[in-house]
Amino acid sequence: MFSNTLFMLSAALTLGGAFAVVYSQNLMHACIYLLASLFGVAGLYACIGADFLAATQLVVYAGGVVILMLFAIMLTGGTGNKINRYGLEKVAAMGNKKTYFTAGFAAVVTSLIILKIIASVLRAQPSKELAANQVTVEKLGTLLATDHILAFEISSVMLLGALVGAAIISRPRKEKHD
Amino acid sequence: MDYTLSTVAPVVLLPFFAFVINAFIVKKFTKLAVAVSTGAIFVSFLYALRIFLDFLNVYSVGYNIHKTFTWFDLSTGSSIFKVNMGIYIDNMTSVMLLMVTGAATIIHIFSTWYMHDDPRFGRFFVYLSLFTSAMLGLVLSDNLLSVFIFWELMGFCSYSLIGFYYEKEGAGNASLKAFMTTRVGDVFFLLGILALWSVVGNVSFVDIYNAIGAGKFNNLYALGIPLATFAGFSIFMGTMGKSAQVPLQVWLPDAMWGPTPCSALIHAATMVAAGVYLSLRMYPLMELGHLLPFIAIIGAITAFGAATIALVQTDIKAVLAYSTISQLGYMVIGIGVGSYNASFMHLITHAVFKACLFLSAGSVIHSIHCQEMPQMGGLRKKLPYTFFAMLLCCFAIAGVPFFSGFVSKDRILGDALVMALAHPVYIPVALLGFAGAFLTAFYMFRMLFLTFFGEPRDHHIYEHAHHEHLGWNSNIPLLILSVFTLGLFYSGSFTGQGEVNLFGTKNEWFSTLIHRPDSNSLHHFAEYKSEEFGLVDTRDKVELPRAHFDESHGMSEKEAHHVHQIHKAGALASIFIAFMGIFLAYSMYVKRSIYPGWWTSTFSGWTRALKNKYYFDDLYVKKIIQGLLLPFNNLLAWFDMGIYDKYAVDGWEAVNRFAFNVSRWFDNNIIDSGMVDGTGASVNLMNAILRWIQSGKIQLYFVVLIVVLASYIWTIHI
Amino acid sequence: MSTLNLDVYMPVVILIVLATLVAGGSLLVGGLIRPHNPTKLKETAYECGEEPIGTAWANFNVRFYVIALIFIIFDVESSLMFPVAAVFKRFNEIGLGGTLLMSVLTFVLVLVAGLVYCWKKGDLDWVKSFHATKVNIAAKEK
Amino acid sequence: MNSTIFSYFSQSKELSTIISGLSKSLGFDATSLVAFIVFAIACLVVVGALATIGGLGTYAERKISADLQARQGPNRVGPYGILQFLADGVKMILKEDIIPANADRFTFILAPFLCMIGVFATLAVVPFSSGFTLTDLNVGIFYLVGMASLVGVGVFLGGYSSNSKWSMLGGMRGASQIISYEIPATITIISIVLLAGGLSMGTLIGGQGGMPQEWYMFHNPFAFIGFFVYFISALAETNRAPFDLPEAESELVSGYHTEYSGMRFGLFALAEYIEVFVVCGVATALFLGGYKVPFELGTGAILVEKLGLDIMLAKNIGQVLELGSFFTKTFALYYVVIWVRWTLPRLRVDQLMTLCWKYLTPIAIFNLLGCAVWMYAFNGKSIYSLIFETASTVAGHH
Amino acid sequence: MINLGSYLIISFALFICGILVMVARKNIIAILLGIELILNASALNFVAYTKFMNNNLDGHIMSLFIIVTAAAEAAVGLGIVIRFFQLRESIHIDDAATLQN
C-alpha cells in the first residue's frame, strides 16, 4: 500500500523532473529539475531496498553534483547577458526546432531499440511477492572490502586523477596581454 | 623454511617500491633516490640469496614452491573462466633470482660511479628499479599471462633506458627500434598464450605441463599445423624478439645507445635472459611441437653470424653487443639440442661475465671518453683493475678451461656434437657452433688486445685518461664479478666435464638441480596441486623420482659411455679452438712486437702469409679482415637493410609509386578527357556529405552513433 | 521471509510533505491577510539606496568552483568510505582488521595526496590571486 | 529490520487490538494504515515541538545575548517576554511579501522550500529516545548528511534568485561554506561509524553508555578531537557565528536572504534554527552518548525488577528519562552555540576557507586514520576500559 | 506495482529524456545534465535487475561506482567547460569546433 505510494511518488518525481529538464528553457531551472529527478531516483532506490544507494544518491548528487553544476552555471555567466564581446551567443540556446527534430529522431530510434530489448521482460510479468529488503550497508562494505577491493582502491586513484586534472584545467591563469 | 607471501614478495616489491618512491622524490633528493634504489635491490638480493641457499640446502630436484591466488573469477555455472596469479619457485627460479638480483646490485653500485655526473642521475635509477622489479616479477611468475605482463613492462623500461639520452637522435631511434622489433615477437607470444589457453584453459606452467603430460595436445590443429607446434613457435617468436635471435636481432646492437650500465643490465641480467628463460620454461611444449631442430638452427645462425659481424666492429660496445647476440645463440642452440641444463647454465655464466665485460667497457669509456678501439691501446697500465677483470671475462667467454664459459658452452657444444652424430640435421648446428666458438675467442681477444695492449695509438686520449684508483663503487664491482667467472662456482669441478671433481659429486649442484621436465615424466605433475597463499608450501609433494631426471635416463651403460666419449672429444676440440682463437688474435695484434722469432720458427709455413701483417697497423688489419669477410658481412647487412628497409620501406614506396602511376594514367586519360566536370560535381557532392558528417559537432556524432548502434542491435536476435 | 514493506520510509515522506505544507500554508495564510501594494521602488534589489546597475548574474571567481571540486571528490570518497567503515568493527573482530586497515589507509592516503597537491598549488588559498598579483607587480617593477 | 516509533508502540497490547479490530472491520491488513496514523501524529508532534524549539531558540538567543551583554532583552510580550517569538511569527506572516521584479520567481519561491524540506527530512532519524525515533533507518547518519546537503542548494538558490549583488555574494559564499565544512563533518562522522560498526542511529548510540567514560567522545583521543572538529564544522554548516559570513550584516547587508521579506525570510530563519538543533542532536548522539541514561534505566528493566512495575509502563518511564537525557545534552550544546556567537569574532572569508581545508579536514582525516589504527591496535576498547583493565591487572584482580 | 517492468520503463524514459537533452541542447552544461540523466538510467537498471533477478548486491556495487564515476566526470567536464568559457567566452557546443578545419 504505502510501498506503492512511495514508488508512485518517486516515479512521478523522477519522470516529471526528467521531462522538465527536457522542456525547460532556463538552464538554472533545468538544473533544479534535474535535482528533483535525481531525488526521485533516490526514492526509487529506496523502494527496492537499495537504501545505501539512495543515501549516496542524495549525498553525491543533491549535495555534490548539482551544486557543482550550479556553480559552473554561475561561473559561465549565469543565465544573464546573452551576448559576449565577440558577438557570439554567450549562453547558448537551449535548442531550436532543428535540434529538437534531430533529438526526437534519435529518441525514437533509441526507444525502438530499447523497447525491443525490454519487450520480453514487459510481456512476462512475474507477479511473485517481493522479498523484504535486507540490510545492505554491511554487505556492501564487505563486498567493497573483499571482492571489489581493487575497484575500491582504483576508484580512489580515479578520484585523485579527477581532482588533479580538473584543478589544473580550471585553475585561473593569467591572461595574456594582447 | 616456510614460505609465505611476506618472505617471497619483497624480492619483487622492494625494487618496485623503490621505483614508486623515487618517482616522487627523484627531482629534489637525487642522492636519496639513488640510495633507496641501491638499498632496495641489495635487500632484495639478500632475500634472493636466502631463497637460493634454502633451495641449495634442500637439494632436491623436485622441490618447488607454488602459491597462487585468484585474480578474478568470471565463472558462471559450468563455464569456468578463472585467472590465477601466483609465484612458482623451483631450483631454476631460485638461481635466476640470485643471478638477477646479484647482477642488478652490482650494476646499481657501479652506476653510482658511472652516472654520478649525469644530469639525469636519479632518473636512471628510477628506471633501473622498475626494470629489475619487472624482471624479478617475470622470473617469479607461475603463469604465462603474468610473464607477459612483466615482459611488456620490461619492454617499456628498455625503451626508456635505451632512449635515456633522448637528446641524441640516434638514441631516440634506437629506443623506438628496440620497442618495435620486440613488439613483433610479442604479438606472436600473445598468440601463443591464447593458443595454449584454448587447450589448457589456464596458462600456469604447471597446468601446461600437466596438459602436455596428459596428451591434451594430440590431434589438435591450428591453421592446419599441429597446435603444439603453432603455440611453441609463437612463444619461441617471443624469445626471438626478446633474446635477439635472427631475424629479430637488429635491435640489440642499437641498444648500446643507452648508458653502459643499462646495457649491462639489458644484455646480461634481465631482458635478453627473459627470452631464453621463457623458452626453457616452455621446453616440453617445444619438444612436443618438434621445434627443436628449428630452434637449434636459428641459434646456430645467430651464434655464428653475430660472431662474424663482431670481427669487424671498432666500437668496443658494439663488439660486446654482437658477442651478446652470439652467446644468446649458444643458449638457443642449447635448447635446440636438448641441452637444457647447459643452456640455463650458459644463461647464468653469460650474465655474470657479460655484465662484467660491459661494466669494464663502461669503465674504459668513462675514463677516456671514447668508444673507438683504434684510438685506445696500452691502457692496461692506466686501468689495471679494469684490465684484470676484462681479462678474466675474456677467458670465460672464449671458453678457456677453468672458466665459467668453458663449462657451460662446451656442454652445449658437446651435446650438439652428440646430436650431430645422431642426426644429420644437427651437423650444420655443430659446425657453426664450433666455428662461432673460434671466432668468439678471436674477436674477444682482439678487443682486449686493441684496448689494453700495445702502444697508445691516440696519445691525446691516453694522456688524458686519469689513473685508476681502487674506488669502492667503480672497481670493486668489476672485481667481484670477475671472481665469479671461474667455472668452479658453477660446476664444482674445474673442467665441468665431471673429470676433476674437487668437492665430490654432490657439489655439482648445477647439473644435479637443474633438469628439464622430460616429456615422459611430465605426468608426475598431475599429482600436483597448487596452494593458496598462506597455507603450507608444497615441499616434497612434487618430489619427482630422481631417475626420471637422470641425464642418462633411457640410455644404456654403453650409450652413456659413448655420449661421454663424444663430450670429451668436443671438450678437447673446443679447448683447442679457443686457444686457436686467442692465439690468432694474439698473433695479429700483439705477437709480432713481443715474440716474433717464436712465431716464425714455430709456424714457418704461415710466416709469409702472416708477415704481410707485420707492416699493417690495426686499421689495415681491420681492412683485410673486412675484405675477407665482406661477402658474409654483406649478407648479414642485407638482412638488415635488404629485408627490412627494402621490402618494408622501399617496397611500400614502390607500391605507392605504382599506385601513383596508375592514378596518373587514370587522371590523364580518363578524367581529363571529358569527365572532369562530372567528377568534380560528384566529388563536390561527396564532399558536402562528408563535410556534413564530419562537422566536428559532437551531437551529430552522437546521433550517428545511436543510429549505427541501433541498426546493429536491431539485426541481432535477442 | 517477510514481504516487501517500506513503512520505515513513511516518516520521511510525511515530513517532506509536512515541510511543504508548513511553508506553503504559512505563505498562503499570510497571503490572505497581509497587505500587498507593490511599487517599483519596493521591487528593485536593495543596494544601499543606489540604483542597481546591470544584473547580479555575472561571472564569479573560479576559486568557488575549485572549492566545490575538491568538495565533491571528498564527498564521493566519504560515500565510499561509509560502508567500509561500517564493517571495520566486524572485520576487526574476526581478525581481518589489519587487511582492511591497509586498504583504508591506501584509499585515504591517495586522496590525501590530492589534497596535498591542491594545497601546494595554492588552490586552497582564498586570497592567492591577490597575492599573486602583488608578486607579479613586484616582478615587473624589477 | 528498522526500529521505528511505530514498532515501539506495537509492543503495547492496545495498539495491536486496535490493528486487529480495524483489520476485521475494514477487510484488509490495517497495519500500514495505523502505522501511517501513528507516524503522522508523531511527525506532527515532532514538527510542532521543533518549531516551538526553533521559536524559543530565537527568544533564548536574544535573552542569552542580552545576558551576556548585560541588558534586558525581550521582556514585553508574556512573562519575561517569553511569547516574543509568537509575536515575531505573527509579524512575519503579516508583513508584505515582496518579490523583486528582476528576480527569478521560480527559484525565489523554491529556495526556502528546499531549506525547509532539507531540514525537516533530517528530523526523521534524529534519535530523541530509543523508542521515540521517528524511524531508525539503516543508513541513518548518511541519510542525514544527504538530506542536510539540500540546505546548501536552498541557500545558493536563495542568493541566486534575488538578482541582487549582496544576495548573490552571500549565496555563493554560503553554498561554498556549507559544502566545504561538510567534508570535515562527514569524515569525523565516518570515524565514529568506524568505532560503532554501523550507520543507523541505534547502532551508533548503542555502542555508548550512559556514563561519560562510555561516550565515544572519551573513547579515544582521536574521537575527543573529532568532537571539536565536528562541532566547529557543524557551526559553520549551519552558518552560525562565528561563521555567519553569508549573512554578515556589516559587509553583505543580510546575505542570501537580503531580498526575502516576511514569511519567506521566516522560513529560512526557522530552518536555520531547527538545523542548529538537529546538528546539536547529532553531536549528542555521536559523541555524548545520545539518549543513554546511566545504569540502563532507559530500558526500564530495573524498574520492572525492583519496583514490579508493568513492563510497558516501565518502558515508557525509561523513554521519558531518555528524552530528558537527550534534550539536556542537546540544549547544553545549543547554549554553547549561542554563547560562542558573542564570544568569538566573525572570521574573514579567507580564514574561513583556511580553517576548513588546512586545519579541520587534515585533522579529520588524521582522526579517521587514528581511530582505525586505535580499533586495530586495541581491539576496539576504549581508553577507559584499557586503563581499568591495566589497573585491575596491576591490582591483581582478573 | 513495484516490478521489473515498471523499473525498466522508468529507466527507459529517463534514458530517452537524457538523449533528448543531450542532442537538442546546444549548451555544454545542459548536455552534461543529459549525461547525468543517462547515467542514472543505467544505474537504476543495474539495481532493478539485481533486485528482481538474482537478489544479490553486485548491481549495487556497479551503481555505486557509476555514481562515483559520474561525480568525477561532472567535475572534470565542468572544469573543461569553465576553461573553455575563459578562453572563448562561450559555452555553445558548436563553438568548440576548432579541430573541424
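Read from first to last, the chains carry the letters A, B, C, D and E; within each, the first residue is number 1.
Going forward, a residue touches a chain if its C-beta (ideal position, glycine included) is under 8 Å from a C-beta of that chain, and two chains touch if they have at least 3 such contacts.
Because the structure is predicted, anything quoted here is derived from the model rather than measured.
The chains in contact with subunit B as well as with subunit E are A. Note on connectivity: the fewest steps through touching chains from subunit C to subunit D is 1.
Interface comparison, A-D versus C-E: the higher count of C-beta contacts falls to A-D.
The greatest centre-to-centre distance from subunit B, using averaged C-alpha positions, is reached by D.
Put simply, the C-alpha centre of subunit C and that of subunit E have 21 angstrom between them.
Centroids built from CA atoms put subunit E at 34 Å from subunit D.
Centroids built from CA atoms put subunit E at 5 Å from subunit A. Centroid to centroid, with C-alpha atoms defining each point, subunit A and subunit B lie 54 Å apart. Residue positions of subunit E touching 2 or more other chains, listed in rising order: 2, 19, 22-23, 64, 67-68, 71-72, 74-75, 78-79, 82, 86, 93. Each of residues 699, 702-703, 706 in subunit B touches at least two other chains. Multi-chain contact residues of subunit D (touching two or more other chains) are listed as 1, 32, 35-36, 137, 142, 160, 172, 176, 179, 182, 198-199. Listed by label, the pairs of touching chains are A-B, A-C, A-D, A-E, B-E, C-D, C-E.
Every residue of subunit C that touches subunit A in the complex is listed here, in rising order: 1-7, 9-10, 13, 55, 57-66, 68-73, 75-80, 82-87, 90-91, 100, 103, 106-108, 110-111, 113-114, 117-118, 121, 123, 129, 132, 136.
Of all residues in subunit B, those touching subunit E in their complex are 694-699, 702-703, 706. Against subunit D, in their complex, subunit C makes its touches with residues 5, 7-12, 14-16, 18-20, 22-24, 26-27, 29-31, 33-38, 40, 42-48, 52, 55-57, 60, 64, 67-68, 70-71, 74-75, 78-79, 81-82, 85-90, 92-93, 97-98, 101, 104-105, 108, 112, 115, 119, 124-127.
Residue ranges of subunit B in contact with subunit A, taken from their complex: 699-700, 702-703, 706-707, 709-710, 713-714, 718.
Interface of subunit A with subunit D (complex): residues 1-2, 26, 28-29, 32, 35, 42, 51-52, 54-59, 62-64, 66-67, 70-71, 74, 78, 132-138.
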